[in-house]
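Read through the structures below before going on.
In what follows, chain A forms one complex with chain B and a second complex with chain C.
Now for the complex of A and B:
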């Protein structure tokens, strides 16, 4: 039996393939949009995974450290370590800022961590771990730094000794890891002008600068420049305890807020990125509808373009099912080409996006099913039009 | 017919190209894609561990110069940056009435000296009177015994002698009293003079003036500094080392000091002292590092970075520090043997300045370990070994 569809496609295969490719690019854009959404969620997930923590201990009544500002004293971790079920507890600071390297700057999230503790980057793609207690940094490759490069964070220069990958903030900014003490200074130390004007202000206050009490002013100044705060304490739970029981213990007795991984995900995904995720989701929905409409119209007009030939086929006595099969096969073929081209193009251009685009296999499978369904539905429209055609048109037209 | 054949083959070719592209894309990304890693062999190498900390330049000996009692500054003779020698006058406090008190005690002493003269004259006068009275008493005694005069006259003369003797004793006592008065007034004057000298603030040692805290006319309390001095040849660096990375710290270790003002220049030094108290708040150990040769124009309070060289370890079993991973609370490495991946818990030792870590237990020479990886590794990960993962 001769394949009517194959014959017809071969007749004008260039047009067919080009239409498929055009359709594919549209499907590619839709897939990419889904990838952008998945990437956003994944950014939030890897942020939590990379910190390596089971519990985040933050300032009471805040949803820190990612979604809100949180400040706690840096000796809190000692009292947390003393609780039953806690295997590891470590201070950590997060600060989003512009990092200078050379004449350029890049937006980064500066993380202060303690070596060997939760919060440290778990794997590297180049270089080594921090050896010194000061002025060394590990950066995400997205930040664009190279090994051995010196970058400037506030008043100190740091040497990039290691590179890591997929360590980003929930906003997709690459992370730069530096020792905790340096990070505390970077976060809380004011600039020199502010320090000097503060000193002058203190000196002008008669209560703090009494003539009969030498040394009082120095003591007040010293107390003002010291800041021993961190943003959160990351806790790893030991074997035999669940995160929730330990978190309850911390909330109840330490008067701090403690979030487990599940709660933190809820905060990040449902609260922090909710609006932008909905924005993208809305766009994705519109794009899907538009793509489906375009696929339907293409197949419909393709069929209408062949209406005379179909009339001839009917005239020579071709069965309706053969004609319907031809249109359906063509539609499905077009969908297949479109899907393959879309998948390839999305994969090719995804790495070029500034933020992470995650193309999930599940999404691809869903997209394939949707494309095939839309093509089938669209072809029914075309089939109806083809079957209604009067064979007389073949001669009469 | 021919054109149809070429059309068909072109169409098939395009289909094959698409299919190939699709397969390539699926293999490169998604769950089927292999994880790229770099692998190295566990080897023996010399390890040169180092400690790193930051410090501040300080003076070993510094002096606060100020008055011992409250008063007003009259004069400050030196300024910040001046070099002074021991005993040099630095500042002077206002003596208020001390000079007047000094001259008053001087005058009183002079008067006391005159009082001594008076007492001495009175003494010689009374001695002379006693001699006359003694001669008279003797004469009347003889006459009385021979019966020429009545006994009442004799007793009168004897009483005169006793009075004269008593007057001599009184005059001697008055003289001694006058002498003691003089000594007291002399001592008082000496005290006032020393108080006066105490208002002159002198340099306790050779040094450089680092601060001038009070100007003439300002009032300071006892113990408050008017000037601050440091011994310029006693500069060293107060080094703070993270407790976590301070093992091996000992006196005499050679140090490389880089001052913030001259980042390109490495100065040699030594650990001179280790403080027994470490800072429990910042969790740092404190040590003092002295310069082998004191650099010129170094400023006190300047930040410096210090690297201490620890004794090296010969032919230690080492892996790069990037190979160490945490898994289920254990430190270990991923060993790549054949096509299998295995997590091996290890006991890391000291780490070298080049990023290598000594392995005390868990690995043997020649084991292949994974250093860098694109993602977290699991036992089931499919890996592809490459030489370099990221531009370095």
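Now for the complex of A and C:
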């Protein structure tokens, strides 16, 4: 038996393929939206993996350092190191800011870390690690900096000595790694004018500038300019201990908040990007409905254009199931072309997106099934119209 | 007359009560195998209704129809003798329309071969049958062409081949010459006469085309749902 659907598609393949391409671009947009969500989740996981930590110690009653602001003293790590089961503990700071690069700016997350400790970038694609204590930086390639270039963070210039890849914040901003001391200064130190004003204000305060207490004013001024804060302490657990046990100890004895990797993932994925995920979910739902409406409209219009032929086919004895099959196959064919075009276009344009777009095979498979289901559903309207055609319409009068 | 088509007391009423319309009233017709008869009448006289009843597309209200020696409809015995009217139309009735209405996405051969294929015959057998008919109708050289590539006359010949594909005992032709000029109309009628004779098929040609009316040996005039048989001129066009 002849494949009526196949012949019809071959007969008007130009129209069919163009329609499929149009649908495909829509499917490509849908796949990309799913890829954006996957990319956000992956960014969050990569962020945690790159930190090299098993536990994040942060300010009590906060969900820092990525989801909320966290501020703890920089000597906390010493007491954490003393706890049983802790192999390594290191201070770290995170600050999202505009990093100047010549006349350009790049939105980046500046990370302050201590070399050889958790928080240091584990893999460089070019250049070297930090060797000097100050004014050197390692940047993610996405920031657009090159080796040897100078970038400005707050009041100091830094030389880019190394490049990493896939080190981004949960918001997708590339990371710039600098020495901890520099990062603390960049984040917490006030500018010179503010320091001078503060000193004058302190000197004018009789409680802090007592003639009978020499050295008090100097001590207060020093306390105002010396920064002793970090955003978190990254902890690596030793062999034989579990992250949860050590985290419990930290919560109990140090009056700090400690999150394990699982808990931190929960904060990042379920809380930090939850709204974005819902937003994307809404887009996906709308795009699915729009795709279904387009397929339904196209197949319905194509069927209406063949009403006379369908009447003739019915009159000469074609089964209803053959006619319904023809329409269904055309809808599925359109879906197949659309899916292939969508997958190819999403793969081509995904790298051009500013944020990471992760196209997973599982998502593609699910999308394929959804496209086929949507096309099947969308064809019902046209099938209904075709089955209603009276074979008598082929006979005049 | 056992073969061919016989219609006795065929009536068709649309609607009911005060608004009922009797489109056909006690129509009697008898056409022998190999015979081509004309069915002539003004618009609204019931030609199309009769064609639809004969084509098993609508159900008559009353009467009896016999096709190829077999009763296909008898209102006294519950109506249609088969529930599968689709198969009845496919296997036992050929249709030729005013326009050829070829399936645009099938080539000429497959337009003709589709019917035997629908009847369950193998593709090869169906295509061989199609080619045989296309040869007989002198369009075999366009066997691979698409319908849109054919002239009007060629399209009409292919539609005649399609009507003959399952060797039906009767062909219903609905104004097959209406869009054609005199010469082409005569050519189509010549072909119908040849095919009727060659395949022993009864052909009913619905027409109000003055050019071809003199060709019929027998004509049924239909007016207000009633038919009157009269002898035609039977002009020789061979």
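Here is the rule we use: the second predicted complex is superposed on the first by the 386 of 397 C-alpha atoms of A that agree within 3 Å, B and C clash if a C-alpha of one lies under 4 Å from a C-alpha of the other, contacts with A are read in each partner's own complex, and residues count from 1 in each chain.
Assume a contact is a pair of C-beta atoms (placed from the backbone, for glycine too) under 8 Å apart; a residue touches a chain by one contact, two chains touch by 3 or more.
Because the structure is a prediction, the values reported are computed rather than measured.
S.K.: In the overlaid three-chain picture, which partner chain does A:125 touch, first (chain B) or second (chain C), both, or neither?
M.R.: first
S.K.: May I ask you to decide whether A:134 touches chain B, chain C, both, or neither, giving the answer as first, second, both or neither?
M.R.: first
S.K.: Looking at A:329, would you say it contacts chain B, chain C, both, or neither? Reply first, second, both or neither.
M.R.: Once the two structures are laid over each other on A, A:329 reaches no partner at all.
S.K.: Of the partners chain B and chain C, which touch A:341 in the superposed model: first, second, both, neither?
M.R.: A:341 sits against chain B, while chain C stays out of touch.
S.K.: So in the superposed three-chain picture, is A:314 touching just chain B, just chain C, both, or none of them (first/second/both/neither)?
M.R.: second
S.K.: Touching A:224, do we find chain B (first), chain C (second), both, or neither?
M.R.: So A:224 meets neither chain B nor chain C here.
S.K.: Residues of chain A touched by chain B versus by chain C: which partner has the larger set?
M.R.: Per-residue touch count on chain A favours B.
S.K.: May I ask you to decide whether A:10 touches chain B, chain C, both, or neither, giving the answer as first, second, both or neither?
M.R.: In the superposed model, A:10 contacts both chain B and chain C.
S.K.: Go through the superposed model and pick first if A:395 touches only chain B, second if only chain C, both, or neither.
M.R.: Second partner only, chain C.
S.K.: Which chain A residues are contacted by chain C in one complex and by chain B in the other?
M.R.: On chain A, the residues that contact chain B in one structure and chain C in the other are 10.
S.K.: Going by the contact rule at the top, pick out the chain A residues touching chain C in the complex.
M.R.: 1-2, 4, 7-8, 10-12, 308-309, 312-319, 322, 390-392, 394-397
S.K.: Which residues of chain B touch chain A in their complex?
M.R.: Contacts found on chain B: 4, 7-8, 10-11, 14, 18-19, 21-22, 25-26, 28-31, 50, 52-54, 219-221, 223-225, 241-242, 244-245, 281-282, 305, 320-322, 324-326, 329, 331, 351, 353, 355, 371-377, 388-392.
S.K.: In the complex of these two chains, what residues of chain C are touching chain A?
M.R.: Chain C residues touching chain A: 47-49, 51-52, 55, 57-58, 86-87, 89-91, 95, 97-98, 101, 103-106, 110, 113-115, 117-119, 123, 146, 162, 174-175.
S.K.: Which stretch or stretches of chain A touch chain B in the complex?
M.R.: Listed in rising order, the residues of chain A that touch chain B are 9-10, 13, 17, 49, 52, 75, 87-88, 114-116, 120, 122-129, 131-135, 141, 146-147, 161-163, 165-166, 181, 211-212, 214, 228, 236, 238-239, 337, 340-341, 343-344, 347-348, 350, 359-361, 364.
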